[in-house]
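Pasting the structures in now, so scroll down.
In the two complexes below, chain A is the common chain; its partner is chain B in one and chain C in the other.
Moving on to the complex of A and B:
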């Protein structure tokens, strides 16, 4: 069985062999399957960014192996190069990396590096821009004339245009207003639905992860502290809080009600589900 | 009578077209807004609504294109008065890495008062007090770049406190922080306001931060489109959503349960639920 992403006993140290050596990843074993939408969550410094930098070989493990689409990245240069295109990484505040004269050329940068034909590149740029909701007339503008939200979309489109098998997004909604944030998140779900690609979403926000992911991987101190469905992970909210993570307000309300002796589940994280349960309790009470 | 700290009267701010051909545009249009001494005001608005530009007129980083800005009675109409105003109202920005200048925490905090020509012994006292207030005194000899985002922002806040300003404007100070960092910074802001009486203007995208304010101002298209208590503002879910904003999850839940009052925090919600549901005996 091959997985788009597989890490076997991966450890990574910063400043290895010096007194300043810091273990950023400790013996990580992780498989992310075809078509999964996995969320990675953890506080600053928990190892999230170091972890995703291994997915396309930007960082090489000090110990262990990274196997992308069945191929060990340590095999040879070609395998490593292929991984850069198979796994598209979109870092935090990606708009800071826009640099071309026009939006279209910026989106085309990745596909160009893949040595595709001009025709194919144009096609992909159009498709990616349309997907992220950038109007065609914006394509010939300078990326610096776009609004904050548009710049973010252009940067994400640049990674999507490479049509990677795995799309990895680090905090794609950071700094956006609630409306912009919801748009980006539903765009990500839609992308997964439409392309069937594997998507990895890295975030500080439990609310964001809960709203789109099938699976949640919790990083803490360089290790995978939890790995399960959204429901499973949220039922351990006390542990999540001890790891510096925040559970959604709704979950906090249900945990408190449980502490007070009410018979309610602890894994409630959406307003709809919470309202449904409470409405039923209130109804029973008034009968 | 309440005293005004910041007074915006018909303020318009227009960015001029630049040489590279980017067109000019008006980011703030005819805004009149008073901020009172000791008040905690949250400013909401979608990306590009004019919040940050307005904030920059409030401490005279930008001089308004039209209208007047008065801070503690001083009209912001010259460079000198701008300097005076910035001693009354300080500002903290979004990116913690862009506002740290020194290589040691306490030197960074001392930077402002040193520039004001404050006596060294007085600087020492102010720096220590400011660092204690934000809970960073123990880390005063650390290198700022080795701190977490939340710690860096608290150092930036201490830098403003050491100038002994009456007010502080924070432009999305928690946008780049993780939940723990956000909580540290928010608690610090609330403490400055409630315990030290410092006037706070907090620009934020997080609705759960705005619920702690005395007053919420909503901006769109460069104008103030609503203002009121958090209860008044967050009882208007459809209106806020139409402007790319939202209401806190707790308020959404309480609304769906048909509660008439606007409940904004999980604690208040639990209290209400226990009264509706009666005892926990099942």
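Moving on to the complex of A and C:
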């Protein structure tokens, strides 16, 4: 069985051999399956960005091996280059990578590096722009004239246009207003539904991850502290708190209610669902 | 990685040299560099080298760090040594073959020049090891302040220098980030000919410029918001003051220079 992403005993150090050495990843074992939407969550500095930089070979493990689509990245340069296109990585604040004269040309940068035909490139640019909700008239504008949210979309489209087998997004909603955040998140789950691709989403917001991911991987100080479904992970709220993370506020309210002796479920992650349950309880009480 | 370029190589410490007034340190460093070039023979040069060694000891900077600062000039050292050995002629001939000959004068000059460069590097690197870039620019500002009479904007220049130094690590980080982002989009930075590589830099250079300008505007706003209006009427939190240690060091340096002049006088000139 081959996995799109598999890490075996991966360790990574920044500035190795100096007094400043930081063990950013410690003996990581991770398999991400075909068509999964996995969320990676962790406190600042827990190693999330370092981890995902291994997925396309931007960082090479100091120990252990990274196997993408059944091939070890350490094999040769071609495998490494192929991994760049198999795994599309979209970094934190991706709007910093825009550089072309027009949005369309910027989105085309990745596909062009893949040496696709012009028609194919045009096709993909249109498709990706439409997908992220960029209006066609914006495509001919300079990327520097877009608003912050539009820039973010253009940058994500630039990665999507490469049509990678695995799409990895580092904090795609960071610094956006709640509306923009929800749009980006629903766009991501829509992308997964439509293409069937594997998606890895990095965030430190529990709400965001809970709303879209099937699986949650919790990073803490360079190790994988927990790995399971949303329900499994959120049921360990005390441990999460000790790692500087927190379950969504609404879940905390329900956990507290249970502690106070009310018969409510503990797996409530969205305010809508919570409100519905509470309304029902109040109705039952007043009857 | 780009990050490995060390810059403003300050080595934190509390030694005599660290605590000295940066103005005095700056002047003395310049003075002693000039003194290196006054040395005419091995005796005076030896005194200079001794002074440099003593300075290293008093700075508390480990020898390893000092050697690290000599490393980049190794090529220059080798080059000067070879040039001097083969091209300076005079005195006894040690070795001769075809058109190449090595003479006493050649060997002496080569040795002399190499030691001179090493001492120069050690002394100037001690300045940067024991003084933070901010302290250094502050000192420069204070030393150049008499130029204000000629309407030279000393404060502005010093502030520009401080800011430039402050933002070098930030820029390096930014370059790394942008490089990674473009590599993730399949940008090929490593292969191809010169033109191809130059073209490959465009996707890195443009975002860097854009973010630098943005950063500059933000910084200017932030400074204005904190009522920065240039140097006029600005006081300092850290006042520079001359202490006994600064004068003692000054006298030591003067004594070394006097010693050099005496030794130059009593022994034959080599260079």
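One rule holds in what follows: the second predicted complex is superposed on the first by the 267 of 287 C-alpha atoms of A that agree within 3 Å, B and C clash if a C-alpha of one lies under 4 Å from a C-alpha of the other, contacts with A are read in each partner's own complex, and residues count from 1 in each chain.
The rule is short, and it goes like this: a contact is a pair of C-beta atoms (placed from the backbone, for glycine too) under 8 Å apart; a residue touches a chain by one contact, two chains touch by 3 or more.
For clarity, every value in this text was computed on a predicted model and none was experimentally measured.
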Just checking: does A:144 make contact with chain B only, chain C only, both, or neither of them? Give me first, second, both or neither. both
For A:177, decide between first (touching chain B), second (touching chain C), both and neither. first
If you count the residues of chain A that each partner touches, which comes out higher, chain B or chain C? B
In the overlay, answer first, second, both or neither for which of chain B and chain C A:11 touches. neither
Which superposed partner A:158 touches (first chain B, second chain C, both, neither): second
Is A:223 touching anything from chain B or chain C once the two structures are fitted on A? First, second, both or neither. neither
Which of chain B and chain C A:89 touches, first, second, both or neither: second
Could you tell me if A:189 is touching chain B, chain C, both of them or neither one (first, second, both, neither)? neither
Does the superposition put A:110 against chain B (first), chain C (second), both, or neither? second
Residues on chain A in contact with chain B in one complex and with chain C in the other? 144
Chain A-facing residues of chain C, complex: 174, 177-178, 180-188, 202-204, 206-207, 210-211
Could you list, by residue number, the parts of chain A that touch chain B in their complex? 43-45, 142, 144-145, 147-149, 174-181, 204-205, 207, 244-246, 248-250, 252-253, 256-257, 260-263, 271-272, 274-275, 278-279, 281-282, 285
In the complex with chain A, residue positions of chain B that touch it: 22, 45-48, 94, 148-149, 172, 175-183, 205, 207-208, 241, 243-246, 248-250, 252-253, 256-257, 266-267, 269-270, 273-274, 276-278, 280-282
Touching residues on chain A, where the partner in the complex is chain C: 53, 56, 58, 81, 84-85, 88-91, 94, 96-99, 109-110, 113-114, 144, 158-159, 162
